Amino acid sequence: MSSNKLKVEDLSAWFYEKQVLNRVSLEFPDKKVIAIIGPSGCGKTTFIRCLNRMHELTPGARVRGRVVLDGKDIYTEMDAMEVRRKIGMVFQKPNPFPNMSIYDNVVAGLKLMGIRDKALLDKVVESKLREVGLWDEVSDDLRRSGAQLSGGQQQRLCIARALATEPEVLLMDEPTSSLDPSSTAKIESLVRVLKNHATVIIITHNVQQAARVSDYTAFLYLGDLIEFGETKKIFESPKNPLTEKYVTGRFG
Amino acid sequence: MNMRRTKDLLMKLTSTLITLIMAVPLLWIILDVIIKGASALSLDFIISLPAPFGEVGGGIGNAILGTLIINAMACVIGLPLGIATGIYLSEYSNGSKISALLRTAIDTLSGIPSIILGLFAFSLIVIRVGHYTALAAAFALSIIMIPVVSKATEEGMKTVSVDIREGAIALGLPKWVITIKIVLGIAKSSVITSSLLAFARISGETAPLLFTSLFSYYWPRGLNEPMASLQVLIYNYAMSGFESWVVKAWGASLLLMLLVLSINILVRRFSTKVG
Amino acid sequence: MEPNMEEYVKKINSTLLEMTELIENIGDYVKAALEEKKGGLLPLTTEICKAAQLKEEKVLEICVEALIRIQPFASDLRTLTTSMKVAYDISRICRYLRNIIEVMEEFSISECDTDDVLSLLKDARAMVTSSINSYINRDLKMARDLIKADDSIDQRYRAILRKLASGNYNGACILFKGLTARIIERMADHACYIGYETNYLITGNRVEY
Amino acid sequence: MKYKSNFFFEKIFKTILKITSLIVIGIFILLFYSLVERSIPSLFQNGLEILFGTSWDPNFEIFGGAPAILGTLFSSAIALIFALPISLCIAIFYTEYGPVRLRPFISGIMDLLAAIPSVIYGIWGLWTLSPILKINFQEPIIASIGFIPIFSGPAYGLSIFLASLILTIMITPIISSISIDIFSKTPMHLREGMFALGATKWEVIKNVVFPFAKRGVFAATILGLGRALGETMAVTMVIGNSYLWPFKSVSLFASASTITSKIASEFPESVVNLIHNSSLISLALILLIISISINFVAEIISKKSVGG
């Protein structure tokens, strides 16, 4: 299928001797939002960290299997820096760089790539901040430290930062878990817009959120992919009794 | 992309190389002291007095004993003061003027070069009693111990959680009992660790002894008199330039190093097990 | 108190059972009316149907509240959506039964033979009862049997119509029996819909019909 | 009854703590008082000579402290210039590039280097390192680029160069252990944020770890500087204790003096001459003022850069 942006084949992952992912195979369609759900400790975070090779930064981490982005294996045919530039990531806790201004936070990725053209950077800052709906709130002083923003603004700044390098896939690890409801709503509506540019893979511990924002949903349990399918189907009539139990909140 | 990877690789190589290089002096010093010191070692060396100048043989027994006596006296003065001020700062300070002044005193004392503490002990004690004395040396060394022990005690006690304290208060115990039995009991390991490290530290300190206990070629006969010590012996003998004395200085260095490093290694193992 | 799906389901089911009792009652009245060919039951049956409609609204209310509080998914979600439909179907069945009384009031039926509609009614009522049982007890087999039973009702309904068309009946009787049989056939359809809901509730898939 | 006795013990306990605190404060104040008191004769006689004078001769009662003061500042500064980058490299290797299983060895090496008594550094520098460096390092350099004044001969084995080298080895473990501590505390979520943008390890260090750690590393550097300024035994044993540097020879390979080496080597004999003795104590007072004011300035700087 040519419309599949990212293919995961037989992916297993370990921390030292403990296996946390067990032969997961999955194909992510292009320009859709895919939610990853599952109880805590099910390997959600490890799974998406394998998709941009962040997993290997953790001591004791090991991966087997293939992750293929547009036909290229990210482990054997690409280098980690390139992978991470093409597959952006937004974290659970907003993490703007406190030593950088709002402006510098947005262009941090571009500066790493050696882009110094002021006019271009200015343009990117404005367009990305507008995209995440932050421009009107911060444009009066872009030299402020990113750490001075509110939690929801910080997270949107981090999304703008991830978008600045025009990633083809955006990974989001519970991006709203530390935010209040109105910030959460803003991020959710942003996610729905983002899929116009990129494939968005979002982990959430909140099944309602998965139902709200995603087109497809994958359910992981104890390192196994239990079920993957259209969000509507997963939440209306899941095939697997485990998925059923999880989405109806009957998990021990 | 290439430039970036090259820079990264370069930093990796540089940092690896420099770290490896820093292992060289340690191994060199340790091996050097062991090789040169071992030839001087013998039972006689450890238990007998230095031979009169020009004669062969003799040992450093009085210096070993002297170091232990001076250290013991320093502990007698320094540990109670260090622990008590640590307790005071952690539990009873309440932001009073005394505690602010005490904190300044302890912070400043910890940064004062040890030779200045020797001069202080000289001015305060040696000048007044009119002769060099081991008491002055112990006093100078105890000032080195106080900040080390005090800070560790305070920090150890501060880590005791409010829950535990409130639990003890809820039992109706008076504050001094809570402080000594419960809070200090929990902070015990950091107090012991810091005391041992302070002991190791003063065992190696030489500058404060130079003008206080000075040196002696005889066995200690009392505390209020000049006394030999390993540290000063190493300095005197090494600087003398006489080959037989330099060999003895290496022997003394080996003993001193064994004492100091074994305490340090012991404390490291002990504290990593606790952590 | 923590919103609890089991509690909501219990409330919904007991309301549905109350509705079932109402249509059992109204069914009995209709049966007696057909047997004895007597009239005058319209006000009573109208009251019963009003009561059934109130119960339907109560089921809707419970479901809406559960939707808001639980935001349910999967079988929980299906339970609520099907309950709303089942409540509607039962209330609809109640109105069909009342329609029969209405039709009886309209025509003079003392001369009419009511045996075949009575037997059709009996079977349709049995279907209704078992459809509700299949729903409440989550009985997939019972639900699937219903769908077969509906086919036979349809055939018998058509047989009655053919008989009416060919036989020698007076106009009032033809109209009365035709309309009544039609109403009963519709009633059976709704019992069948309840069966479909049961099927969807349990399997998650809709039956094509 | 019980309540009363508890109250009584509480009072006693508190009083004991207060008395010990006052004793320590007393010692602290007395320290300054007696140093100042013992310096006064020298300050009266020598005036500013003790700061700026370039020669020192007890027989003629000339007590100029400049070469010793400069020796202290210069040797410490050189040690710092080398020790800081070395320490950063070690901390980088420890926290970023090096394998995790090497960590206990690295921190062990640093702890032991820090624990070795300075008099042992001294004897090693004096009898082992000095002859080797003299033949294999100083003499070849003097032979090749000796025309440059700071590398000119003759090669004294005991020199300000050797003192700086030993000080570098002595303060590196101090700065590196603290740097390791601070580097390790860099929040994981910030590091990962930078990695996720496609940064190399070095770029993460440069953009996230350094900015996060700079204040702590600065404090560690000041601590190391304080240690270097006050270091006595190792320096005294390897610096040669002469007034050659910097006014008679600017060569790094010339023997020199520091405040501490001056005091350690001359103090016992100075007891017979009040002014000589007092001059040495004035030098100690100057050292004390230097080290306290460095700490003071450091504190101001690190407080100013809060949030920066």
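Here the chain labels run A, B, C and D in written order, and each chain numbers its own residues starting at 1.
Definition applied: a contact is a pair of C-beta atoms (placed from the backbone, for glycine too) under 8 Å apart; a residue touches a chain by one contact, two chains touch by 3 or more.
Every value quoted in this text rests on a predicted model; they were computed, and no experiment measured them.
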Touch-network distance, chain C to chain D, counted in steps: 2
B-D against A-D, pair bridged by the larger set of C-beta contacts: B-D
Chain nearest the overall C-alpha centroid of the shown protein atoms: A
Whole-Å separation of chain centres (CA-atom averages), chain B against chain D: 17
Chain A and chain D, separation of their C-alpha mean positions in angstrom: 49
Distance between chain centroids, defined by C-alpha means - chain B, chain C (Å): 94
Chain A and chain C: spacing of chain centres that average the CA atoms, whole Å: 51
Sites on chain A at which at least two other chains make contact: 81-82, 112
For chain B, residues that touch 2 or more chains besides their own: 4-5
Complex interface listing, chain C residues touching chain A: 5, 70-78, 203-205
Complex contact set, residues of chain D against chain B: 6-7, 9-10, 13-14, 16-18, 20-25, 27-31, 34-35, 37-38, 86, 89-90, 92-94, 96-98, 106, 108-113, 115-124, 126-128, 169, 172, 176, 200-203, 205, 223, 226, 229-233, 236-237, 260, 263-264, 267-268, 280-281, 284, 287-288, 291-292, 295
Chain A residues within the chain D interface of the complex: 52, 54, 57, 59, 81-85, 88-89, 91-93, 95-100, 108-109, 112-113, 145, 158, 161-162, 165
Touch list for chain B against partner chain D, complex: 4-5, 7-8, 11-12, 14-16, 18-19, 22-23, 25-26, 28-30, 32-33, 36, 80-81, 84-85, 87-88, 92, 98-99, 101-102, 104-106, 108-109, 111-117, 119-120, 122-124, 143, 146, 150, 174-176, 179-180, 200-201, 203-207, 210-211, 214, 231, 234-235, 238-239, 246, 249-250, 253, 256-257, 260-261, 264-265, 268
Complex contact set, residues of chain D against chain A: 100, 187, 189-190, 192-200, 203, 207-208, 211-212, 307
